[in-house]
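What follows is a set of notes on a single structure, which appears directly below.
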């Protein structure tokens, strides 16, 4: 070899930056209906192409095409649309509340509403989800009362979590929604463990673990894949690839030239890569994975390709690191818009009905917020008494905590 | 109608300053709840500020591009009902949650004390039989300051009327340690006063302030002359290996002579002190021992001997020690020396001495006058090589001609630079000076 | 579903290994929700043979091997506990717990609190710990201070087979996450620090008599291991036996308190003893700075300041990584503990 | 239900003697204060305790006196047999109570104290919620003062209700019963028992101990026992009640020998003691250190929780209104920043039976148990001129003093109207007086007070009139 060139470090960059239009070709989008649907007992290696491709049902004109079309009835689709719209309206309303300082913090899931909604419809009651802070649509789909959610956001006296958790960090065992942790990816091995327990007890319930593209870099994600494969745990592992982890493009998390789904195949797990903004595709893929798990055929890894249309949180402004209008030309479009077009195409929906539903949901959210505020907000100080701070550290309060509460004097 | 003030919100992560990027409304505009009023920017994000209420814009908190502190008034609206701020245009509403000011004199017990009493000990109520004797485990010793001698059996309650007890509490005094002069050791107001007075004067002393503890401090910067003296003294002590030689001189004859000279010539020539006579003795002695009248430059390793005897006279002034120089002492008779000393001392004390009058000495004489002490270890006036120190005259019995006789004795404590003056030379020089002084006539004979 | 208490309390001589195995055997039998897993604990029965025979008796679904991933072992255990099982996982050496710190501290210890009781983590994490076996710096550590600093965790360390079985059963039944530290050097017999003397087996020791069936030793309760009047020793694990040797060799009548549960601490027993003797020596193997002994000393001075006749002494490992060849220069033996006793008496 | 929130510096729960005194003193010291009272200001003492019972006793005395003039009165007074309209007596008593509680209300108002009517519920150590007429007000405070007092002890097998009454109902009788059974011969039982007897009611007392007024020593109880006999009150000692009998018109009783019997009675007064009121307002949620059933406090009335104070009956014996008032005043002053401790030399206790009983400081027995070498001397009222003119020669005054320095450590007395001597007794002890001080003071003649001086002189060995 001749005198070798000097080495240089490759640091991945997104194609789009503020003032420079994004080239989304890296998404490698396949035509709707072009991906075959293998039987659920397929050998994981057969899913290698699915893990690199992209399952899509709704084409650009809003028609459902291809083998993955779940053939959903009118009512389920209309419920799906309603849930997605309710999520989006709730998010928008809560951001305003945060700006008015009624909440200290909030995180929206703008643009990703289809994934949680459709997935929840594919699961059964009793299945346990291990969500991140961007899967509030799971709770919306399972119709958890908005008032309870707002009370948690306000940390007021009716907050089920007694004011202890950052807003959006819900915990609702009754709705199969595991308590959200601020630490990333910790819930993945926990989901696998829960699934293993279900298997040990000969139960029929399965688990569904969630993680963002950025957090897949955590060791807990890979540990989860290993344990899921080793014990063939009845679990669905969902990677929501919404392109951005705060200001870090998904390539920095390892998504450049290889899909996150392919990691599953590498770990011996059946894996799918799906258009996350396609309600029907999300539902179909979720059913496939749930059936596989419930038939003792082991875990499935699904990469949901979508776009984080809003900021990371109320403390973030994406226009600083990506083109402000990037969402307008994101190839997979808006999940609500696409499902609406499909419903209209099938004569099951109209613009008038849409506007009426929009107004109805807005009223429902405003009413829930007003009722929650009656129990107090962070501003007016009607938060759970500091005395409750000493409970639930242990099951029974040890004496050193009783003495410390005496010193505090509440 | 009331006024509603919207303050610059705290956008989290400890941001202190927020810049106004754009106003969406102008004074006079009507605004609806949730309508965006302004765009503001921190170093991380640009954020829209929605209105929490319906109302009309009265005043904007700042111009575009101006940065406002978090919590400062952003915008003022006129609203139905009371609003949340007094309508005065200028004053910004005080934070509502200021703790209500407690009336003067209400000083809440410091939390520290409450903390200290959190570990609760129940005392038996007076009527029920008092608590059984302390449990067998080691009794906790009392916390009071070093207790004065116990005046009553341990644990026995001091007898005192409620008024006395209340006053003791107010003064923070433990009655346990107050001596009671009343019947059965009852403590009266007078006893309390005595204790307080005694307490203030110190541990159990009488009630005057001779032995009062003093612990004031005052920092004085070492500057000016004081700084120079300190440096010279330090230089001398560090560079010069001092060898101090003390000799006793019988000045009875000298004093007698001085007395006769002053009696005869005192009027027109001025009174002589001992110093001019000593100077004469030194000048004469220097002739035989020139090494002593020299300066030593230890950098260049050169000793310079001088024929002229410029005698430095160490003089105490208000500003500190100064050494005016009697130039050519060899050419002065005692009266001329005396006059020159007086003139120089006066100039030095008034700070009018010229620079050359305070330098150039080849040999220095130092005396504390009546406070001369019996021995001293004078510090050589660097770069000179010797210094003659004069101690006080004292009458003492001396054996002379086989009998005891009272004589006037005076010590000379002199220091020499042992690098250039050997012990023998120093001793012989001082013995020579002593010789002149003990037979004063020789001072006036060449 | 739990069966009633076994009546017979027939005892048999057991080492601490057999006592711990018996505890897990009893609990696997009594409670179908108990599950045991960790590296090498299934088929092989654990590198210290503590789970030997359990897989054969209860099947692969109740006792099985796990991948070498402490974070994964504890993470899955949290998930299982959230489901409703009572996992008892093993971290092969306490020195390897660091990769599992996030799952232990941020998840297991905080689950009940952050979900206001919605989810709980009734799991037990067993960790062989401590030196005296020429294990070097990664097989000899005593990391209890990391855990006592975490609110929500219970930290337990037995010093003999009887306590080991009773405490482990109590730990498994407890609804809070328990860190169960097992001093390796005590697995086969008591160890008083005289490494040059032949090893004594538990079989010849009263504390080696262990009931076969179900019984518990209460958590949060210290034991007065040795009555005494001169000074109080606060200690746990192997150091209980070293302190006893130091008392005998110095002739000082030391009252030895075996804490058993480090946190939440049985402060009442500690304070009563120090107020009685007026002198206090804290002894632990772990390194000195910010060790659990510092907390004990702080509590003693807070609650017994006016009873103390001498400064509180601490005898600990040096602030160095645990050496290999210089084992016995590092390990706080009876001489160092005895010297501290003397200092406490003479002050 | 609208919930408004207010905040203050001092929040007092309970408007009884302890509570309202603390609030008044705090107001005087400029401390913003809120007082919460669920029933009436003045608490047990003013409404259903000390004051009404003294009024009833006075009325009974007057009636008894009048009745004696119907017979052979040594004073030669002849009058017809009197009758009593007990509803008017109760109305008179209520008038006094209303005047006093009104006075307390005015004093609180004058000193700027906000009074909230309603039952308090403790939310935490610094927050209390009060239900008042549908709305709830939540009050936050820096200092919480617990002054909830005490309630009568109820016997499980003889629950209050129907004709089983506590002192509360006994002080407001709609009608006088034929035969009243009093369970418990303590000071409450006997005060009311004697009063009812004087009103003409047949009274039977059942006491478990071996004598009446078991809390007092033998010498003090004897004259009371004699008086009970004289008044015709039947007393069953070493006996206990088992429960109601024949449909609630009788009481099953078992005497010392174990024989059971039934006492016919159309009303039963249960007066076996009082217990601190610790339930019904969330006190248990504070997890305070307790002392048995009482709240544990230190000598500044601090509980184990920072800035949470407790005074009065809630904190235990002696359960006396004047102790609660003294504690209340002290707590207000401490909160105002003064240095105060509750260490009185003695607290007087008075029993308004006929004859009356007063106990202050140490009795001879108590002094002995403490190993104190004491002189004890008493002076009988039979030798006191004033007592004779008052037809009250039973009883005596007794003094207990240290033998070494003659410092007086205890006064006790039993006799007609001795309650008023309690002031002299407690003043002497509080001032640390010696026997010579009292002996050397000229007491007015002819008064019962002379017996006090004579008791002191007798202790010094040179009494004059005995």
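Per-chain residue numbering starts at 1, and chain names A, B, C and D are given in the order in which the chains are listed.
Keep this in mind: a residue touches a chain if its C-beta (ideal position, glycine included) is under 8 Å from a C-beta of that chain, and two chains touch if they have at least 3 such contacts.
Keep in mind it's a predicted model, so treat the numbers as computed, not measured.
Annotation of chain B and chain D: jointly contacted by A, touch as defined at the top. Both chain A and chain D are touched by B. When chain centres are taken as C-alpha averages, the shortest distance to the whole-protein C-alpha average belongs to C. When C-beta pairs in contact are tallied for each pair of chains, A-C comes out on top.
Centre-to-centre separation between chain A and chain C, using Cα means, comes to 42 Å. Work out the mean CA point of chain A and of chain B, and you get 72 Å between them. Taking the mean of the C-alpha atoms as each chain's centre, chain B and chain C sit 60 Å apart. Measuring from the averaged C-alpha position of chain C to that of chain D gives a distance of 57 Å. Each of residues 406-407 in chain A touches at least two other chains.
Among the residues of chain B, those in touch with two or more other chains are 115, 118. The residues of chain D lying in touch with chain B in their complex are 7, 9, 29-32, 142, 289, 291, 296-300, 302-304, 306-307, 316-318, 323, 334-341, 343-347, 349, 359-362, 366, 369-370, 402, 405-407, 430-432, 434, 436. Across the complex, chain A meets chain C through its residues 128, 130, 160-162, 164-165, 169, 171-173, 178-179, 181-183, 186, 188-201, 207, 219-220, 223-224, 226-227, 230, 392-395, 398-400. Here chain A touches chain D in the complex through residues 380-382, 385-387, 402, 405-410, going by the rule given at the top. Residues 96, 99-101, 104-105, 311, 314-317, 319-320, 406-407 of chain A touch chain B in their complex. Within the complex formed with chain A, the chain D residues making contact are 3, 5, 123-127, 285, 287-289, 304-308.
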